[in-house]
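Quick heads-up: structures coming right below.
What follows is a pair of complexes built around chain A, which joins chain B in one and chain C in the other.
Up next, the complex of A and B:
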């Protein structure tokens, strides 16, 4: 008996926490700059609408997985549409992960350099970050789940506290005008919000590891969406309320600036934006760790290996090279767009299509209620 | 003539007056070689003899006893060659010759005389020897057993048994007569409490087990013994609560102990490093304690105690960060006080690792985060020192380490004086000399004090070890480096396992939030009705069942 602990199992609540940490930091820091130019005053509607859209996508992921109990997408997809299309799907899935993580890593490096080390080369920041992420990604699932919980408890309270503190600078007039409603902008914003809700895609690989005897998985996932919505709405209120929509449109990291603007009378704490960055780093770390792990396990399962670590090392190198190639801001923006398309397409088109094929071939799945 | 012989022996130059020093040296070298060769030859011959005797013996047995007492004596004399503390006592039992073998100092002379020799010597001359087993009705001793195994006989004799041989029998009677010098039960040296038990384990295995038994008259507390050390054959007891322990844990502990391949066991550390999964980790993965009450509490949480003979510390497994941070005192102070103390300890562990690095990061990279008044004060103080913040911090770390080591190594009477000298040197002289600034002295002192608040010394050491690399990282990457270090530590703590239990990962495990009642906080005893879920004890209710 090597180990008495079950390493590859988690409860729905643990999944909810795992999902809650993926991409949340970026959602708070970057989301206003992306969505406010599109949906303006009604970004909050886009955020809620986007949550509904991607929650639906996540539910389809669960339903698809329920049609093949105990199997991951690597195992059941060949039975849905053959091995050739399976490879294509897995390549898109991995491509989506790698592009999005590379964008995230580049964005992470930019923010750290911009706010903390203006004279340090971004390569140093990204390399050190990826080295630590790789160390996390070579761990087993049990360790990653525990890390996610640790870091959520460690980071979410200070992040939420700082966002709440930034409310002291808001002016309600900045939320107006409420009318006219920009329907196109809201819908566009909802679609664009994918990078801030991504994370439910891990279900394709991890669903067999979730022990669902006690809690409803869909409800657990919904609670994670609520958590993300809350933080994003806080960030929106904080940024729009203190800087106006027009102000937010012209700033790359509005949340950080909103928090920097906090001036607590008579206290000894200054430059709170650095504290926000510190609370964001764990979110960024665990997000990258989880995605390197998921990409590694996907191909590890595909090739029938048991040890995902060599794949994790390879993907880390790929992410480093890819993120380094995004120094040029126009290329970076193109990649952001590409990753958004890949993610949206994969979540809303490919996997639902697979589910439709399954339903068409097999009728109602056994576990469907 | 006699005088001249002595002269020749003692002074070579007197016999070989003409010889040069070189010639004398040559002859001495030859003599030394001859002595060495003869010793080796003697060794080889005895080895050869023991091999020849071993031919018929089964594996692991040095030889087989014969029915001839003289033969057995010769065999034992070879085994115990040059062991002057091994004694042989010859006497007659009826018409037969008998021999008693024992090790001086390990057995009690009174026991030998009153309870073994006297009854045997009082046997009548016409006593008919029917076998060693018959002596069980004659000798008023607690424990005796017959054995045909030479190995068992030798081990038992070295452990304080008297071995009785009778001519005509190929067995020996092993009679317990243990009475060696040992330390009495004392007070804890490292885990003192104001309220509660003041008993500590001593080095005797049986005493250690007895102080545990005294605290729990429970037939579910089981004790299994294994012997570790190819040469020392040290007894190690595995103690556990059979109705509580997680299935498979005891077997795992026993397997790991049995896998230890070492010649001797002299400390718990030599066992600890063999049974943990990550011997290179700075964190202690096994908890050592000298307090029986702590062991009993742990047993009833589903943990296993490993007691090593001749060591005054008991090892507890599995061990987690939350357990390391708990103190025996926690259960004798009010719950609200304990809860605050525990939170302080958790905070202290962070301070002990990160505070100097945080200072370096702020001063070197993020001075904007320091309030303006303080930043001006720090800048002014730093002007007096020629070194960068990193060098200053490193210098203070080295000084602190030096003083800590000195205080630990010095005799108790002098260590106090060394502490005073250290405090004076660090506190005033270093600042006055312009080597470091006063704020850093405060930070270093707070860091050291924070590491002293840890209830487990080995954990406090591991915090000290981690501090230095983090200082380096902070000096290169500032707060960002600090955050990365935290990630690495969290990842390591989550990946580390002690007998299957996550070392630090379960602290925030959502499925184990119920365990917080005795982790971050301690609720009043009336609310601690269930055992920690993390250790997977079979029976969670502390009220227990009426079982066998």
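Up next, the complex of A and C:
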């Protein structure tokens, strides 16, 4: 019997759902602790500005791909700046994926051990998690798309509901002062927001697989950005509203504490932070699955193989070793910073530079309007 | 000859059976009967002598002094038969040391099961301990520990905190739960039960603002939450009585159901009581040159709940109503002015004026934040109160 999940294409709407799950759990759980110390009261502006910045980057990714219909970056990049620079670019792309994924896996292990399984060694948590992720990553694209859709609908509603419920503790005075605006902080916050919007980079590999006869791809991507913005703004309102800017600055997982603070009088409902953690796990899982898959397909295409699975196994081992080296908190924080710089540089400098070179060499691509 | 599909099916079945060996349950589980639930914590200064201590209630710690005593009220879990409703049983274990975590860890040596802190309901700290060490170091562990609830109630007592853990409530509840529930009656309590728990205190400490916590006292077989302990940042200052707290709550707009009593205008020996059930408060800062002032506008609604000379009045009479509304408003104003005076004398900004300036007049705040301690006691307040009586109860 044929594998019904085996697919080589998806619709723009399916891409939007795939993009919507990538990094979203971290965006809700970790984003306030990262961005509020930088942009303070105006973090919401950074979130929106960051969305604009990375949406623009995503649009450039699409436009670049449109100049080479039916080809992925592995196929068209040698024609833009030669084979040597192509290898360098692909190494940076994979490096960005592996560094950010290792950071996420380490972060996953830390949170699970700290909040749930305090007697289980982090190595065991990470190893089991990566085994399951690798199993997901060796599947076909169709299976991964289906998993992403299921997990999105499984996780997003409880996550949003918990954030909404935490609004009972907010105080509006905590959102003030609106002025003066800390412009440097806002811009820095927007740049720092990359790890919470990443995911559009899959377009470099998957764009040829998107069947664009129906929905506009840019509009579909915009809807995913809106989804991420909504959840992040909810997380900000919940955390700053209930704990003030100074409070959020001093807390490692502010969203969890905001949800832990929910106490509904007359009911037994409490310690809802556990449910927030449970709704975050599927997001974390599918994010890692997708990135191992993308890194594997990239090099599978580069070397001209048809089967991405050996690469998935190799990258999983690399991610395990890399995440194991991040147990020390200061090294972990350095790596978070490095991954952010890599991601920002790749999205906002390298790929747009490639697009500029294409436009310079070829003028307008034929699909440009 | 076994066909290929049969081999595949057999392979899957074997795989599923083997995988069940790995799915026998979470090995990291903590069974409920294998834990000791800590319901309340008391922090005192360690005894000078061994009046309350045994020689086992301490541990080797490199010869460093052991100035603190940590006591834990632990729930004694016992099976109950169907329909039975036995009172909860608790016991207390205690330890001395300097670090809370070390004392907790060492206290395991006095218990047959690991101590579990997820259900701590109340933390009681003696005034002597906070006077000596400040609040921050005494609650730091509870702010860090992921097990501890954000809504755990924190109390200060002028007495020894340890003795509260021996208190046996008449309701059959465990003492820690009983004490915590007192502060949960936010509508029916004279003091501030909300915004004074562990989470709210943690946020205040992070903001470097002044802290207030409910005070608790024990007398014989009774306990009462009857005042607020006031801190300048995390340093203990003094206690405020119920009247002061009521004024502060009215000023902050967080009062849920205040009782406001005034002398009957026609019968000076008698009392009329108004029960407020809704309050809208707007606090506005004003800046004129160097002078900072505030106005507070309060609109409140409620019912007349008691008239001790009721036989002499028709409570629904318009003249009586109008006069009562004016007198209630006067009393609220007097109460607020009293509370502000107490706050300014103590130099403790529980009115949230600093927070208000920071939010709505950030430029002014930036200029004066470093000398706020000098500015706050000089700030004048203008109060406007409007009272609307909605009902007079079942009787005229």
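Please note the rule applied: the second predicted complex is superposed on the first by the 361 of 369 C-alpha atoms of A that agree within 3 Å, B and C clash if a C-alpha of one lies under 4 Å from a C-alpha of the other, contacts with A are read in each partner's own complex, and residues count from 1 in each chain.
Note that in this section contacts are C-beta pairs under 8 Å (C-beta built on N, C-alpha and C of every residue); 3 or more make two chains touch, one makes a residue touch a chain.
In this text the structure is predicted, and so the values were computed from the model without any measurement.
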Contacts of A:325 with chain B and chain C, given as first, second, both or neither: neither
Residues of chain A touched, compared between chain B and chain C (which is higher): B
Which superposed partner A:246 touches (first chain B, second chain C, both, neither): second
Which superposed partner A:13 touches (first chain B, second chain C, both, neither): first
Partner chain in contact with A:270 - chain B first, chain C second, else both or neither: both
Chain B versus chain C as contact partner of A:117, first or second or both or neither: both
First (chain B), second (chain C), both or neither touched by A:216: neither
Partner chain(s) touched by A:261 [first = chain B, second = chain C, both, neither]: second
Set of chain A residues, in rising order, touched by both chain B and chain C: 116-117, 120, 270-271
Chain B-touching residues of chain A, taken from the complex the two chains share: 1, 3-5, 11, 13-14, 17, 112, 116-117, 120, 124-125, 128-129, 132, 135-136, 139-140, 142-143, 146-147, 149-154, 268-271, 274, 277-278, 281-282, 285
Complex interface listing, chain B residues touching chain A: 246, 248-249, 251-252, 255, 365-366, 368-372, 374, 477-484, 486-488, 490-491, 494-495, 497, 499-502, 504-511, 536
Contact footprint of chain C on chain A as seen in their complex: 114-120, 173, 176-177, 179-180, 243-244, 246-247, 249-251, 257, 260-261, 263, 265, 270-271
Residues of chain C that touch chain A when the two form their complex: 26-28, 118, 146, 149-151, 184, 199, 202-203, 206-208, 352, 355-356, 358-360, 362-363
